[in-house]
Amino acid sequence: MTEHGIKPDWQRESRIGVGEAVYCSGKTAAQITRILALADERRQSLLLTKLDASRFAELDAGMQRRLDFDPLSRTAVLDHGVPTAVPAKVGIVCAGTSDMSVAVEAQRGLAFHGVSAMVVGDVGVAGLWRLFDRLDEIASWRVAIVVAGMEGALFSVVAGQVSGLVIAVPTSVGYGVATGGTAALHCALASCSPGVVVVNIDNGFGAACAALKLLRVFACT
Amino acid sequence: MTEHGIKPDWQRESRIGVGEAVYCSGKTAAQITRILALADERRQSLLLTKLDASRFAELDAGMQRRLDFDPLSRTAVLDHGVPTAVPAKVGIVCAGTSDMSVAVEAQRGLAFHGVSAMVVGDVGVAGLWRLFDRLDEIASWRVAIVVAGMEGALFSVVAGQVSGLVIAVPTSVGYGVATGGTAALHCALASCSPGVVVVNIDNGFGAACAALKLLRVFACT
Amino acid sequence: MTEHGIKPDWQRESRIGVGEAVYCSGKTAAQITRILALADERRQSLLLTKLDASRFAELDAGMQRRLDFDPLSRTAVLDHGVPTAVPAKVGIVCAGTSDMSVAVEAQRGLAFHGVSAMVVGDVGVAGLWRLFDRLDEIASWRVAIVVAGMEGALFSVVAGQVSGLVIAVPTSVGYGVATGGTAALHCALASCSPGVVVVNIDNGFGAACAALKLLRVFACT
Amino acid sequence: MTEHGIKPDWQRESRIGVGEAVYCSGKTAAQITRILALADERRQSLLLTKLDASRFAELDAGMQRRLDFDPLSRTAVLDHGVPTAVPAKVGIVCAGTSDMSVAVEAQRGLAFHGVSAMVVGDVGVAGLWRLFDRLDEIASWRVAIVVAGMEGALFSVVAGQVSGLVIAVPTSVGYGVATGGTAALHCALASCSPGVVVVNIDNGFGAACAALKLLRVFACT
Amino acid sequence: MTEHGIKPDWQRESRIGVGEAVYCSGKTAAQITRILALADERRQSLLLTKLDASRFAELDAGMQRRLDFDPLSRTAVLDHGVPTAVPAKVGIVCAGTSDMSVAVEAQRGLAFHGVSAMVVGDVGVAGLWRLFDRLDEIASWRVAIVVAGMEGALFSVVAGQVSGLVIAVPTSVGYGVATGGTAALHCALASCSPGVVVVNIDNGFGAACAALKLLRVFACT
Amino acid sequence: MTEHGIKPDWQRESRIGVGEAVYCSGKTAAQITRILALADERRQSLLLTKLDASRFAELDAGMQRRLDFDPLSRTAVLDHGVPTAVPAKVGIVCAGTSDMSVAVEAQRGLAFHGVSAMVVGDVGVAGLWRLFDRLDEIASWRVAIVVAGMEGALFSVVAGQVSGLVIAVPTSVGYGVATGGTAALHCALASCSPGVVVVNIDNGFGAACAALKLLRVFACT
Amino acid sequence: MTEHGIKPDWQRESRIGVGEAVYCSGKTAAQITRILALADERRQSLLLTKLDASRFAELDAGMQRRLDFDPLSRTAVLDHGVPTAVPAKVGIVCAGTSDMSVAVEAQRGLAFHGVSAMVVGDVGVAGLWRLFDRLDEIASWRVAIVVAGMEGALFSVVAGQVSGLVIAVPTSVGYGVATGGTAALHCALASCSPGVVVVNIDNGFGAACAALKLLRVFACT
Amino acid sequence: MTEHGIKPDWQRESRIGVGEAVYCSGKTAAQITRILALADERRQSLLLTKLDASRFAELDAGMQRRLDFDPLSRTAVLDHGVPTAVPAKVGIVCAGTSDMSVAVEAQRGLAFHGVSAMVVGDVGVAGLWRLFDRLDEIASWRVAIVVAGMEGALFSVVAGQVSGLVIAVPTSVGYGVATGGTAALHCALASCSPGVVVVNIDNGFGAACAALKLLRVFACT
């Protein structure tokens, strides 16, 4: 009666510029397998996000081998001809090592759509010299995806120094009042640096999508 | 000893692409007057935001006459040569009439920096035909600033239909669980439409700044 | 002294139109077993909700075989003559695959009381065409149970298009600000579409009960 | 450029069964006046909600005289032929005198659409005999709109006694943990009585809309 | 240097009427063992609360045998002469089977101090007849400890019917808005029935202590 | 149709030991006047709580003269023979001068029912000597109503020193994290001193009711 | 019976190093007047905090003249020989002009106890050059009181650059997610810069007290 | 491309007086191993915090042997010449045995930097005599790190008795409203004792850092 209830939005990329990724949290292995089969039928590449290693391990062995799975970022790629990634004046700044999983989710989200982006890591504001060492590079980007947990002060600091758009990705890294990432989220939203835009906590993929939409609509050719 | 504690960041525009606006909430009339005097000294145009009519009325009469004050959006402009606003494929979508004050704050923030943007109003999702009547127009923009309160469903709907970047501005319009705007904010952040970016509740000016930064860094010439 | 403290409200169905279901979360296997025994004594059918697979596995093997257990929706049925389910202009709309467990809880809750309802799945607002493909069908229902997590924009969109009552079931699907389902819940409650009614997060069974009460009190015969 | 941004959804009633009401909170007197003028042009009756006495007093005197304004419920009616209200097995239960403003909002919302409903008032659970005195009457309704603030225990008690659908309207009446109405809202959503459905805090009009939709889709003729 | 940091307040019972119980959550097995040894040295009976079965299993086998451990209420008693429990016009009302663990914590807390109390269970307000069947009994108590989760409507209902003091113990039973017990807690605190007093969520032992203090200070001899 | 919706629970005192007080917040002057008239008809004394001076001033002059109104505690008494208040081993401890309004609400609630209670004031824990100066007196009470805002540490300190029941009344006195009184409320509920019971924020009257119920049910004669 | 309930802790300064200030929010003019009279009796200087201009205006005219009242910081001093303030390697950093009221509260709290401290103002992180212009000066302090609202990123940035203790004072300046100051508070508490300590929102006086205690206990003589 | 994203701030100690510790929560064993290798290269001692026993067990056996790991406080030390700890008028007060893990984190954080501090444990306010027994000792310290969970009343009590700076460390010990430590945190921030400063929940290391900065900047030589 429900026929799996699965109906991917294959037209999304042509309509809005980024394709549908499969959000795997809360999906059973059977549901994920079914979606992958539908993609295979169309020979469509597919990005999977928030895919825990334990859920990945429940997929059948053949599918596991075919997927390019990265446990740190919990992403996997089903490859039916993913484009080669090339630089595009978009980069990622990552406050601490614990935030790296989210930064890499953004990086892989960009790469899946043909954009190569570097991650400038471990530049938390407790030691600003690390950021200033890399500031010329960051200032050359049109879009800077900034990933930070704890108190998220990095968002305001970077946005006060560069002319590119800062997309803030607060992370759930932290404890006490920082548990779950709300402190960093509010820090990003309340930033005194004008023009910071924000995505959901831990949503590296969402930040990548925003950057991809910008590259497409502003394609300067 | 403190000399007013006022030190505007006049270099901001050259550094990051948008100038310092004066956030007037919580400032006394004396403090605002002092900042305006500093701008006059430099013959620098200035945008004032969150300026209540009652606070505006406390300024001296001469200054009141010199300012272009809009009570709906609570913004004022001190004009030492504001550029003429011209269209730039940026527009504003506004869910309901009650949200219009925030939409106009964004519109005036853009205009202050030389960008003219239309407001497509009263297109809440309770009657989707109103949005679809205007969809071709909205879809032609590179950046769509979407302003909505209550439950904020409009963010996801627009972002699922257009290729331009959607900058969501949740508003504090609403009551009960929508009081203060958190419901709309969370709706924007949790959007199932990929690539929505968000600014603080009622922060029309911040959305304008993000758009302005994009226009500058992506200047296609 | 307490004799298990278990006293089912067997008269509930005759009094208010829906019978007592057994909410299994927080109950021990011994307590659940005792309730099933009481039902057996009366030859009373019984619906169990929020029954985790691990708790189900603690029941004795004979009882496990007698129960119709569905791990996705975490429901089980003890069958002493459950009525055959027939259609009644009630249906279920489900935003995403991850929400399906709650949708099926509603579906099985209806079926237990003799009402067959279809689930229209994977119609999230990021790709509205999927919803519009099915809109005529949905618009023919008297009651639409709409199940959605994340930002829950689907509630407002459906309610703005159909004349049937929309019962919103927010789900705990999501992360960051959507964790636990509060974002979707608030979206439902603050809906700008008039007449949306709401049940607790993940409470598919509650939505089914509301629909069942309506069918009974409005029985048009 | 924005032409007021006002575009009423006049088709709403034919599409979904209840017409657009004007939510007046956050709207200026000028905006409200403009909407009333648009209704006059079409000779369309209009219900205004959340209209404070102070805002009402800002409307021009002629319009004030034409509106049927009720300060307790903060509602007003522009009458271009409102139907005569007749009973329809729908009623309203109101916990305390302080909740009466919300109960009357529901009552007037129903009356505007031709449904007359009584309010059974002051039946809080601290003195259950008051409720039981009226229970036969309440049990005869198909839909009971139950309005309560403070802790909202009344929702569960009524829903456990009657077969009609209980639509809970939590109110912002209360102090301390009940401030703003969240305690009553959560009480309604977490009710142990199956099938309670809920609308936003203080949303008497929303409850009326749900009842009106039911009367229309279940019209037993 | 810290010598375990353990210093029980052995004088507490003589000072305030109830002795120190050992709150075991967050304590290591070594720390609990040390406290038990200190009690043994003084031949002092001891009540342990919030003792998970897994932590209990880490204690050495001899101690496990000496403790009267109840896994449902997560309490254990080290017995160096616990008094025989006798009735004292104090009783416990428990809304649902899932709340029974907290009710039994209260019951065992009373028994440890020589007071025997019955538990009237499964009397949730969804089926009020169950409560009214037992009301004469409950009304004969001087203190009624009422234990309820979900929406906690039972507190107000009981308190509106009896002259004894109602001590409300909200529980963490529930999901969605009831997760963690805050909904029930707020329901208790905002009760429209005058004179309800409240203890922390799941704090059955605290309610027992309050009752014990009352019995002692009001000892009518 | 609704006849004011006013139906006082006159039987409450005989049923549960404390009479109905009129909670005036959110009630119009007309509604309050109506309730007073009903009391006059029965020659029933009545206590009014949360009655702002501005609302009191809206009552007609004759009624104002007849009421014993106290603006600090926002209480008023309609006197048809209030009993003379006599001591009963119940007292009130008040942390700071700002909390005095709530303490006096409790004091007047007791007096209305014939119990005279002293207020020991300004004994906040920042200067413990003030409390210890009065400790013998406080320790002689059977019930101590402790009123405190800010962080509410006083609840635990008193409860750790006396054998009487401590009823904690958190107040909304404070700012920052103490705004609204939640910090003090949580401090009371999480107290490490066993047996503290709690009422809603600013609910001095509720604490008085609990004490009155105890005096009645434990009447030692 | 209560004799005003006012008992100042005059011994506090000798006991803990800072004297009792009078927190005026929530106190009536009569209560404040009584405390000032008690101070006059002892010829004791007194600092009043959170004293609104409207409350100040309610004091009698003679007392108004005797008090050194500062409306920006809402502080007043009753002077019976306040010591001359001298520098002590303690200073105040203030993020924005809107935060100045809290910074001056700290400054006046220090001055009342004989410590003169400068305020370095308008150094928000959106334009870091302003902070770096003053960094040598700030780095020379033993204690830096840092006052910031909005997102509070300044706390982490300063603390990562200087060896003095940073006492963070979050302010309630801001809107949306920054309303009330919780965003800044959480930013301070979750700071990635080690050793930041925090006081309550808007508690400039509390920060001053901490600095004063340090100066006294570390007096290097 | 990202080269691990790891760049320790080795200059931190010389810049601000405390060195970088490695916050291990959310870091993989590979990332931790890499940081330890970088420290070994420089022969730099390193403190690791929030290192769960399970993560520690994932490190290679040789490294496990080299680290001084304490499972209670979840800290480990890589020793390349840690200084001998000597007393410095700094001490730690710990409310309950369950809070000991955080107290020891502070103690080991101090010891790593050469400061020996005693822990005065089990002095919760439910039995104040335990605190007063040790008060002379505590009053002799220049800095008292006070560690408490539950309601955190201890912060105010100690700060009202001693002249040293009280650094409050709220812990996540507790349940119900105390879950996660927010109740204790708010109690610390809202303390009526002047001059209490606060660090994040469970942040024993942060309190140690604040004390270490004070010892360095106030070095009295």
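In this document, chain identifiers A, B, C, D, E, F, G and H correspond to the written order of the chains, with residue numbering beginning at 1 in each.
Everything below uses one rule, namely that a contact is a pair of C-beta atoms (placed from the backbone, for glycine too) under 8 Å apart; a residue touches a chain by one contact, two chains touch by 3 or more.
This one's a predicted model, so the numbers in the text were calculated from it and none came from an experiment.
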item: Common touching chains of chain E and chain C; value: D
item: Centroid-based (C-alpha) most distant chain relative to chain G; value: C
item: Farthest chain relative to chain E (centres taken as mean CA coordinates); value: B
item: Pair from D-E, E-H or A-G with over half of its contact pairs in common with C-E; value: E-H
item: Pair with more cross-chain C-beta pairs in contact, given A-G and A-C; value: A-G
item: Copy-to-copy rotation for chain E and chain G - C-alpha atoms, rounded to a multiple of 5°; value: 180
item: CA centroid of chain B to CA centroid of chain H, Å; value: 44
item: Cα-centroid distance, chain E relative to chain F, in whole angstrom; value: 27
item: Length of the line joining the C-alpha centres of chain C and chain G, rounded to whole Å; value: 55
item: Residues of chain H engaged with two or more neighbouring chains; value: 12, 15, 20, 96, 124, 126-127, 159-161, 176-178, 182, 185, 189-190, 193-194, 200-201
item: Full enumeration of touching chain pairs; value: A-B, A-C, A-G, A-H, B-C, B-D, B-G, C-D, C-E, D-E, D-F, E-F, E-H, F-G, F-H, G-H
item: Chain A partner contacts - residues on chain C that touch it in the complex; value: 72, 94, 96-98, 100, 103-104, 107, 118-119, 121-124, 126-127, 129-130, 149, 173, 175-179
item: Footprint of chain C on chain B - complex, ascending; value: 95-96, 124-128, 150-153, 155-157, 159-161, 174, 176-178, 182-194
item: Chain G-facing residues of chain B, complex; value: 1-9, 11-12, 15, 20, 23, 25-28, 31, 35, 50, 170, 172, 180-182, 185, 200-203
item: Chain C residues within the chain D interface of the complex; value: 12, 15-18, 20-21, 142-143, 159-165, 167, 185, 189-190, 193-201, 205-207, 209-210, 212-214, 216-218, 220
